[in-house]
Amino acid sequence: MNFAQVLVNSLITASELGIIAVGLTLTFSLLKFANFAHVETAVAGAYLAWTLNVRLGLNFAVSIAAAVLVMGLAGVVIDRLVFRIFRNADDVAPMIASLGLAIAIRYSMQAIFGPRFLRYDFGIAPGMRIVGAFVTRQQVWILGIVLLAIVGFHILLQYTTIGKAMRATSTNPELAQASGVNTEWVIAWVWFLGTAFAALGGALVAWDTQLVPELGFNLVIPVFCVVLIGGVGSVYGALLGALVVGLAVNFGVAVNFAPLANLIGGADWVSSLRIPADYKPAIVYLAVVLILLLRPSGFMRRELA
Amino acid sequence: MTALLQVRGLHCAYGADEIIHGVDIEVSPGEIVTILGPNGCGKTTLVKSILGFVRATRGEIYFRDRELRQLRPTERAALGIGYVPQLLNTFKPLTIAENLEIGGYRLRRSERNAAMARMLALFPLLAERRSQLAGTLSGGERQVLAMARALIMSPCLLFLDEPSAGLSPLRAHEVFQHIRDIAATGTAIVIVEQDVQRALAISNRAYVLVTGQVVMQGPAASIATDERIGRAYLGAKMRGPVSKPPPLTPIAPA
Amino acid sequence: MPILDQPPKFGRRSLLKLTGAACLTTAMPLPTVAAAQTTEPVKIGVIIGLTGSAAVAGNDSYRAMQLGAEEVNEAGGVLGRPIKLIVEDDEGRPKSGVEAANKLADVDKVAACIGAYQSSIALPVGRLLNEKGVVWVTDATTNDLKTVGPYLFNVAGIAEQAVALVDFVKADKAGAKKLTGIFQNNPIGQDRAKVSEKRAKELGLEWIPALLYQPGATDFRTELQQVVNAGADAILTDIYDSDAPIIQRQLVELGMGDFSNTYSYNPGAYGTLEPNLIEGIKGLNYITGGIRAEAFNKKFLEKFGHIYTDAWGGPPFYDAVWIVATAINLANGLDRKKIRDAMWPAAYHYLGVSGNGDKGFNKWGMQASDQYEKLAYKAGKMVPLSKGPENIVVFRYSDDQGTPLSHAPSEEQNQQLYPGYKP
């Protein structure tokens, strides 16, 4: 096993999942329902960035920034048009609405952009060698951008008035209103940030891999697992969850379990015993089950803190 | 003296269950009003509907001659109505300072800082622990924080839903002392309380609510001595050993 | 139109030439049997993906069938009646395929069914039509097709491309000792892995467990890294078109710059990628060869304005229409069992456009031979590895699997071949 390489791969997986999961858990923390359309807005953001970059020929960074902003605003609009109706309903109605929305977005993307894979405008080259691991330029960028986004978000959440209002509204919406906090404005911010993070994550995943309409399908389970592991509604938990999932899936398939098996004995001596790569989704589930067994509500408390 | 708050013929319901059946209440500037009644009679519901959290199905709510029913809770709060809920009265994962900041959310930064400084001076307990999380405070400390949070906007009307619930007699005494101090600054206060004698002792007037209707109202002193109340409506709460209220100074006229 | 009053008794070669010529010129009538009292068309069911995951190949396949049906009708049809294709879209989904098969068999009462480009559809439809006793002709090529029953026929080959590819690697890469693979994690990919491993070991090569990747996923870096590090001399691949871009990209990013050790079962999957992602990849592709192929290609192009994109998705289905039509004539009626038994002689004597033209069925109803062309990517283009006849690989087992039958197996034989089968 090339330890450095697997670690790099884990960090990339974690940062891509993490940034999307933070957006998901953010909307959950305020609105208390699972937004299944979240990952599809990530895909929509990636397609929007592609349109700006490849179709309209804009600079790549500008395209991503614009897509992130536009999708953030789209999140606010979606809330006004769809989810606001369910503000005082239980959590099943908005969840089902989000499922419908997810399907609508996915098939719209397929109808508009076709089933074929798309790629942003850049060449593919071998990665640089850093302590034995191949790391591509875009991966370095992705790690940097995600780190920046997370630090920025942390500062916003902890030190700005709107951030504090978000945390307050998430823990006690009634008291926030009684304190004069305009919770609808706070919710609008949460949709903006949540959807913008989704779009950013989607664009980064697409940059790092490729853009296909089923991207959301591949992301939805890992992202929800990340959120579950971290503690639903907890932003910092989601980051931890992403790290757990990233490490688990990559080391899970990379580790040679033969020495362990030989130690336990029983079967014949083996030189190579690995978890097949197609068990990756199963590894994610296993991580979720193990962690929820140890900590039934995930790593962190379910509030924006 | 024109009424600060005027509630007329108020009905409210959770879905199809009507809880409040036509209630009239008035609060004048600077006065302390107590709402009494057995558990589950609708005291909290009444307060929440005045604040906008429970929908009023019929009736009128006037605050400073302004009809409130079309306003959202945030807008009602902005008019100068403070509220300390019965449960969940602080933002637990936020620090004391942050709780106060949220209380002053609508103020400009400089005003907010000034108001916070005022509160911290008023409640030295909070000043010492400004970066402690509210969730780690004791019940009494939390009640103080909740009042400070509500007061930071200098509301002209403050609702306190069972401020002494779960507190030791000493702590409860302190809280009532604070309430009197607040009233002394001219803020009208509506208290919902189980500790009837203590609440009545600092109140000007009182309403007795039973199954969503006002069955008695009048000056606090006369209600406090009315035997029928204890027997008929307040049950064990009145009969149990009530800790003797400490001597109070007279209420300053508003 | 001259009508023969006896079933034809031609020798194999002569009939191959005859039908071949007939189809080329479309002037000669088919041997047709008398007593055509009605001119109502004979219905032949078509189950193919006109939409869905294999829609491009599916549409070309249907076009090829239309071409075949048109020729059959120009040549006099069957039993003195024209044939008519009733097409149902399987949408690339097994469930739709099975629903279509039910409808075609029970409502339209078709004489036979043709179709299914994908094994996932060919298998369940085959099982259903075997229960119903309706001939089912497909060009899917999984080994499992052999187990379905006597009503199933395959006009593409016996799915031993895996064996042929390992042989190709051994011949092409002198000194190769260790082999491994990258295959889709589905029944076809698992079958590829199994057969490749078996063949490699038969040839005395070492086999490193293959990577079975999750189709549609987008991050394969860690598992690909292991393939790269495993130290194999050659990597066999069967990768879907939609997965090839990301897998090649990640291989390049992981430092793999030379793909001359990559041998593909599906080299066409790499067709749209940048040259630096695919340079040197070799592979075996199903071919449209034989003496009739060129004429067929010309006709297809003239009629539809383009050439089919996949040798698998078109020509074999054209052949299927001709074989079914011939079988109906040989059966001298629409008795489904007689049509079934006539499929063997019909295919045995018929000269096709797909493969190298030899469409004879073995006793399982599978085409007895496989034909492939060696291909390689040079400067981003897929080209034949060489020009001469050595570039064509015809694979045929020396046992029963490779023996075409001129007559149907007996019912006793069928019962031995298919444990659950009742005549």
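Letters A, B and C mark the chains as written, and numbering starts fresh at 1 in each.
Rule of thumb we're sticking to: a residue touches a chain if its C-beta (ideal position, glycine included) is under 8 Å from a C-beta of that chain, and two chains touch if they have at least 3 such contacts.
As the structure is a prediction and not an experimental result, all values here were calculated from the model.
Chemist: Quick one: label the inter-chain contact graph as line, ring, star, complete or other.
Modeler: line
Chemist: Quick one: most central chain, C-alpha centroids?
Modeler: Here the chain at the core of the arrangement is A.
Chemist: When the C-alpha atoms of subunit A and subunit C are each averaged to a single point, how far apart are the two points in Å?
Modeler: Their C-alpha centroids are separated by 42 Å.
Chemist: At what distance in angstrom does the C-alpha mean of subunit C lie from that of subunit B?
Modeler: Each chain's C-alpha centroid was found; their separation is 82 Å.
Chemist: Taking the touch rule as given, give the residues of subunit B at its contact with subunit A in the complex, in rising order.
Modeler: By the definition above, subunit B touches subunit A via 51-53, 72-74, 77-78, 82-83, 85, 88-94, 98-99, 101-103, 105-106, 149-150, 153.
Chemist: In the complex of these two chains, what residues of subunit A are touching subunit B?
Modeler: By the definition above, subunit A touches subunit B via 161, 164-165, 167-168, 171-172, 174-184, 301, 303-305.
Chemist: Which of the residues in subunit C end up touching subunit A in this complex?
Modeler: 185, 209, 211-214, 216-223, 225-226, 229, 242, 245-246, 249-250, 252-255, 257, 274, 276-277
Chemist: Taking the touch rule as given, give the residues of subunit A at its contact with subunit C in the complex, in rising order.
Modeler: Within the complex, subunit A touches subunit C at residues 2, 5-6, 9, 12-13, 115-117, 119, 123-127, 129, 134, 136, 205, 208-210, 212, 214-215, 217-218, 249-250, 253-254, 272, 274, 276-278, 280-281.
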